[in-house]
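Order of writing sets the chain letters: A, B and C. Residues in each chain are counted from 1.
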């Protein structure tokens, strides 16, 4: 206790786990009978970086607001470190929060903004100055304490908001579309910075975003939300490679969907027929023969298969016609039509050494069975 | 200002070099041109009469500062001026205390906002004269308030409420209340509602949010309201004349009385003092930190 | 038939007055005024000299209220009919406005209702009024109301008014009574600072100065007398409508009033009365602002309204005295005795000394203002 405590704790403290664990059980929120959040259950581990990802209206922000305490759930429970917080007003929940519009106090300087949560907690002025300085260092804005928010750029303002949200050492940080108002370059910089902060602080982060790239880049785990409920929770690569349904497959990254009918099941591989071609796909379920299913595959995992050597059990093949070809810098994007009329997209890394396909050309395409899933 | 907008030189033909210069200068002149009709109106119907009035205080019957030199020792003026200032102060304070919560309610109300606004504006649609008469009816010795207090047993016999400075303060508080509420409500409405959330999330109690976030940001509105009410109260005439104590009159009433007695130069010097006081207050208020913004247009 | 009606009406008035007289001391009798409500009984001016006929319009500024209403019925309407000149009348007559209008050359009124003292002061200040054309004026107008720049048209008195229900039968009859807060408890209203002048005469009479020894007024003595009643005067009024309103609203129990304004209150049944005793007799005049656009019509208007019958009609509409000797013929005796011009009343009131006020107004008003507001 003799040593003044900083925002970044000692390695010992870190190892004990500073982050709060959050548990949502059957959380519901409805407005005038319409459910915005319809039964969300989710366990967020201590120190985890979890993202609530979904389109607008999916209930992700409402869920976040309920965790923060700005909205009361219609039913269900929220616990932080095992204790229910539903009845706790927001100002007693001790949660850091970053808003999309920064929500900096325009009448206070940067230092006063960052010192605000400390002041509410009765931290002495001297201590406040020290911690504010440290927080400014942490977000790479030393020397900016005397400025007013409107004298800062958008990115700087968001860093200040971040510093303000962590200066009082909350065990949980909530972020509502924190980078939504920034341009692409700045967004990418700040994404990395937030990851770094997460690593340094080792507290629990919950991020709300509609931007899948942001979610994939930053999160330990992502909860994809749709229509007020969680469609799938998992690590970014799990969600990308093994989306559990068509919504997730379509929302995270781009997917080609092929209608098919099940012809048989071989251990964990389903054999299905699409436009008269037999294909293999991985599946967690074992559908009966004859069932109509949809096969999903990622455009960048397709490739042109001019040489027949690639044929084999681990590969699906199909012959298609090029109906559109777009050069997009690092990639070429082709719109293809199967013989049955289904549209597919193929993305190929662009290279001067690779021949570009012409519209109307008939080509063979191939992709790995491991990249084909039943949704 | 020095560009003549009325007299166009004859060489100013479309396509000529001068014409081009004019066309380029035009965007700069536009604000001036837009304001010109009002400006002309104000010069003719406000500036000129004010200057004439000021002149009268200096040159009637001949050039001298006599009418001003006498003021510091003029007990009628000093007492009247003091009463005017103190009444304006009380009225400003009471409109602020009563008006701020209403402004807060107005800025927060959603569906009931139009109703609240109408209730606030309703008095403004009635003439000051009518509202002052209404207060005479209420405050009279046998008016509603006295009768109610008697009926409740709080008074044994009717008390004098009308024709007192208190009556002036009560009636003027009512009459000037909208001028306090509207600027404050406007300032409060401009406070980003997410700031209150942010403050709550950062640990501020509801009272803390009000004191540290809402109140400071409404200060420009408060300043505008205070200034507006104070300056209007300074010039008040009808209400104190009807419901006030006739021995504790306002400067405006004294001016009217002196005009009635044909002491126009003296009345003009009193008017000059009143005008200077109002202008001085505005000048001081504009220099107060954070308050000057209330009078600056936000062009961003 | 019409005469009968009027007589009946008047007798009621008289009986009431008689009854009240029995209740109090004879000299201190409260006086009940009645205006002639029965307009049908009024005399009509059927013919006028051709020289008064004309065309166009004349713009009149009056004092508004009951006085102007009476003027409209008694004089303005018949004037229009008889002369063919249209009358446009406004309330808010104000001598300071006359000065402003003439100063700026924007004269909006052709004839203005003034207190005679106002006319004197205006002409002391500058050349603000037109000369009266006496070739048009009726011979019956008494000498004492003829002036170079204004013409008397209404005789009235400034007197004590009080609520008859305030003193349990006691009747105030002098300014000493008005000043006596023990005997006549309650709030008062008196004239303050404005277009007319402070009631120094009343203060002096209250202090014991005999009515015939008032002038020259001892201003300081008057103010010392005022000191004694200052606390009880809750309103220092500035317009004639204020004291009557305050008496009606029971805001005060006693006030100085223009006697003729009380008639309307009594008609409404408000228990008020006036005491002529120690009142001040004044008269109001017509003035024509210099440069009035319809100056010719204005002269005709002034001449017409001071003719006997228009004057009689005015006195029947509201209890003011006529300035025209011949008007008496058209006023029933019962009415004549209640007008401020009646000999019995004239004995009780003090004539206002316009000369003294013309010479001393500024000094008196300044001292009074300082006493009241300083």
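Going forward, a contact is a pair of C-beta atoms (placed from the backbone, for glycine too) under 8 Å apart; a residue touches a chain by one contact, two chains touch by 3 or more.
In UniProt terms, the chains line up like this: A = Spermidine/putrescine import ATP-binding protein PotA.
These numbers come from a predicted model, not from an experiment.
Distances from each chain's CA mean to the overall CA mean are smallest for chain B. Distance from the centre of chain A peaks at C, each centre being the average of the chain's Cα atoms. Chain geometry summary: the mean Cα position of chain A and that of chain B are 55 Å apart.
Inter-chain centre distance (chain A to chain C, centres taken as mean C-alpha positions): 92 Å. Centroids of chain B and chain C (each the mean of its C-alpha atoms) stand 40 Å apart. Note for the complex: chain C touches chain B at residues 94-96, 99, 121-122, 125, 187, 192-195, 234-238, 249-251, 362, 365, 369-370, 372-374.
Chain B makes touch with chain A in their complex at residues 192, 194-195, 197-206, 208, 212-213, 216-217, 290. Looking at the complex, you find that chain A touches chain B at residues 68-70, 89-97, 99, 101, 103, 105-107, 116-117, 119-121, 164-165, 168, 174.
Looking at the complex, you find that chain B touches chain C at residues 75-76, 79-80, 136, 140-142, 160, 162-163, 241, 245-247, 249, 254, 257, 259-262, 264.
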